[in-house]
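Can you read through this structure? Questions will come right after.
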Amino acid sequence: MTSDAFAFWRIFFARLPVFLPVLLKGALTTVEITFASLVVAIVLGLLLALLRHARVPILSGLATAYVDLLRAVPVLTTLFIIYFGLAYLGVRLSSFAAAITGLGLLGAAYMAEIHRAGIESIHRGQREAALSLGMTPATAMRYVVLPQAFRVVIPPTANYAIGLLKDTAVVSTVAAPELLFAAKTLVSQTLLPMQIYLLAALVYLSLSLPLARLAHYVEVRLSRGG
Amino acid sequence: MPPKLRIVDLHKRYGHLEVLKGINLEVQWGEKVVLIGPSGAGKSTLLRCINFLEKPSAGHIYLDGELIGERPANGGYAHLGERELAVTRARIGMVFQRFNLFPHLSALENVAIGPYRVLSKTKAESERIAAALIEKVGLGAKANAFPERLSGGQQQRVAIARALAMQPSLMLFDEPTSALDPELIGEVLQVIRQLAAEGMTMLIVTHEVNFAEDVADRVLFVDDGVIVEEGSPQAILRSPQHTRTRSFLRAVLER
Amino acid sequence: MGAVLAVYGEYLGRWLPPLLRAAVVTLELAALSIAVGLILGLVVALMKMSHLGALRRAAGSYIEVIRGTPALTQIYIVYFGLAGIGIRLDNFTAAVAALGINTAAYMAEIYRAGIESVHKGQREAALSLGMTPARAMRYVVLPQAWSVVLPPGTNLAIAILKDTSLASAIATPELMSRAYDLVGQTWRPMDIYVLAALIYAAMCLPLGLLVRRLERPARRGEVEEPGGPRRRIGLRGPWTAVGTKGAGGKGEAGGGAAAAPGRMT
């Protein structure tokens, strides 16, 4: 029994040069999905946050409802609704597109909260000073509030991005060709689940840890000065 | 010639709490009016109503004879929208207790942003105006410094320059020195004195009684949302008539 | 119009019962995972704060690794990986184990932040009364840390509730699995998945409101610096599931009480 177990590991290490590129290719897709979803989330999230400040109560109410609702539902469910549900209604998205749409829409809800907190953290006096100079609320927002909110928002956004990276794993369930899916496929071919999944975990770590260190560094730099 | 500022029966309510209970006031061109009174009396609220950072609950305000902040509608009056209010606010300068300088801009940029983004002057022109004003308040050497590197007194002087850059015809000062360390108060008061000497119409809320005596043409004692007593600085500060005025001054001067 | 409603009513009548039964399994999964996470998390947190460097480093690595890898991968490792080396767990146990381990890593950070938020002087006062460090922790520090821990902890609970959906990938009979089966039978993915989403929302939204109420007394700390206000924002809102993911052991975007080193999903 013991020799069997070691045999598996020996096979694994022998075939490593074959396994690693497959996983790395998946990792590349993971990064692509993360990046694209992040962009969608940040832009849409900012829009949502500004909408919540809108004069028209219907708009701000809708924006709030969107944010609250989307964050009360698992990623998997939202993903399935977009991938399978839309297909049923005739809109056939590729798993890649569905992934970005789902993660992007969901991300927008989180980013909206981050943006909102950022905007609200800017002292009220700033806005008043801007208004008393004769700026319209829009001008005040654009040149005084948002530039300051931008810096406050960066650390939580960086943290969110790291979370997003891990969430891309969920899209493996709709066969998007990212890292975990590549690992799953490899496991079904090689029957070496522990080894392959551990390797996949390692690849995730090699992506997320440096990002986390970078995020922490940025946070420290921003809070200190400059 | 109409008065610079005319306030008619101004009321301001927050829910059930009435902070301003019928203020009537006229300020002439070039006049310096100082408001004194206990905290919570409504002095700051009055100033903030004049440039419509707060919307009055009742009453009217006239700048240079024209009604500001509202338009007649439906047999009554309706408040103007923010974009229209912005135009009025550009004519009135406000200096805040907590300076409210924009931390992401240098001193020069703080002063230049009004002309640049509101009056739509060119960047070069705006910076020229700003440089001149910063020089005028005595901070030429610090033009490129950021607010966090400036002392409170320096920040407040930049804030005054910033308001002046809009070339307002009326300046509102909301306790301009209350947030400053004692040794920094003098430099700010000096700038305000200079401005007063140049003929600017001003409304100043302050606790600095000696300064009030120096600069003011008229002193108003405000308590509990009404103007209790008003008159020349000598009259109010040396021989107040009203008991409330007297007890307030006694408490303040005991400092 | 009435006909459409009638048809939908009939469908709902057929779909809701199995979905709701599965939702109960979801709640069971979540509750057990949270329980595991709470206990294991406390152990890890205490390890992280211990004097022994080895314990500290072990705990630190645990936190970093768990928080740096996706939950789904962890589930696969526990279910398929262990089976590959001979340890066969049923899908419910595997899900609880994986989610519990995952939760513990985040909970450890929340505990740590909570404990550290209690002023050092409290511990010193307790010790100078003659309490042992353990007693001081138990009777003075932890009770105070509790209120700081509650909001991010509740946020984490919401995140776990949603993460139970991942167990569907190993066919654990929870809500998403059941929905998936139902879709296979009825070929109506939109209706059924939206229904599932609504059931999740029904479970998570009340918890979210609870978090808001918990966060209210401890508002975001506002530091007023007349020169340059550099505020650390506390995310006020129901799922502050943004924190230092993978930055194991390092600071968090703290503010009043709220920002939790939680997860997103």
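To keep things simple, chains are lettered A, B and C as they appear, and every chain counts its residues starting from 1.
Definition applied: contacts are C-beta pairs under 8 Å (C-beta built on N, C-alpha and C of every residue); 3 or more make two chains touch, one makes a residue touch a chain.
Note that the structure is a prediction, hence the values are computed from the model and not measured.
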item: By count of C-beta pairs in contact, the leading pair of chains; value: A-C
item: Middle chain, criterion being Cα centroid separation; value: A
item: Rounded Å distance between chain B and chain C, as computed from the means of their C-alpha atoms; value: 51
item: Whole-Å gap between the CA centroids of chain A and chain B; value: 47
item: Centroid spacing, where centroids are CA-atom means, of chain A and chain C in whole angstrom; value: 18
item: Multi-chain contact sites of chain C, meaning residues that touch two or more partners; value: 224, 229
item: Residues of chain A whose C-beta touches two or more other chains; value: 123, 151
item: Overlap residues in chain B, where contacts from two or more other chains coincide; value: 98, 101, 103, 148
item: Touch list for chain A against partner chain C, complex; value: 1, 5, 8, 67-69, 71-78, 80-81, 84-89, 110, 113-114, 116-118, 121-123, 151-153, 155-156, 159-160, 162-164, 166-170, 172-173, 180, 183-184, 187, 191-195, 197-198, 200-201, 204-205, 208-209, 211-213, 215-216, 219, 222-223
item: Chain B - residues contacting chain A, complex; value: 51, 53, 82-83, 85-94, 96, 98, 100-104, 113-114, 117-119, 148, 159, 162-163, 166
item: Complex interface listing, chain C residues touching chain A; value: 64-65, 68-74, 76-77, 80-86, 158, 162-166, 168-169, 176, 179-180, 183, 187-190, 193-194, 196-197, 200-201, 203-205, 208, 220, 222, 224, 229-248, 250-251, 253, 259, 263-265
item: Of chain A, residues touching chain B in the complex; value: 123, 125-126, 128-137, 139, 143-144, 147-148, 151, 225
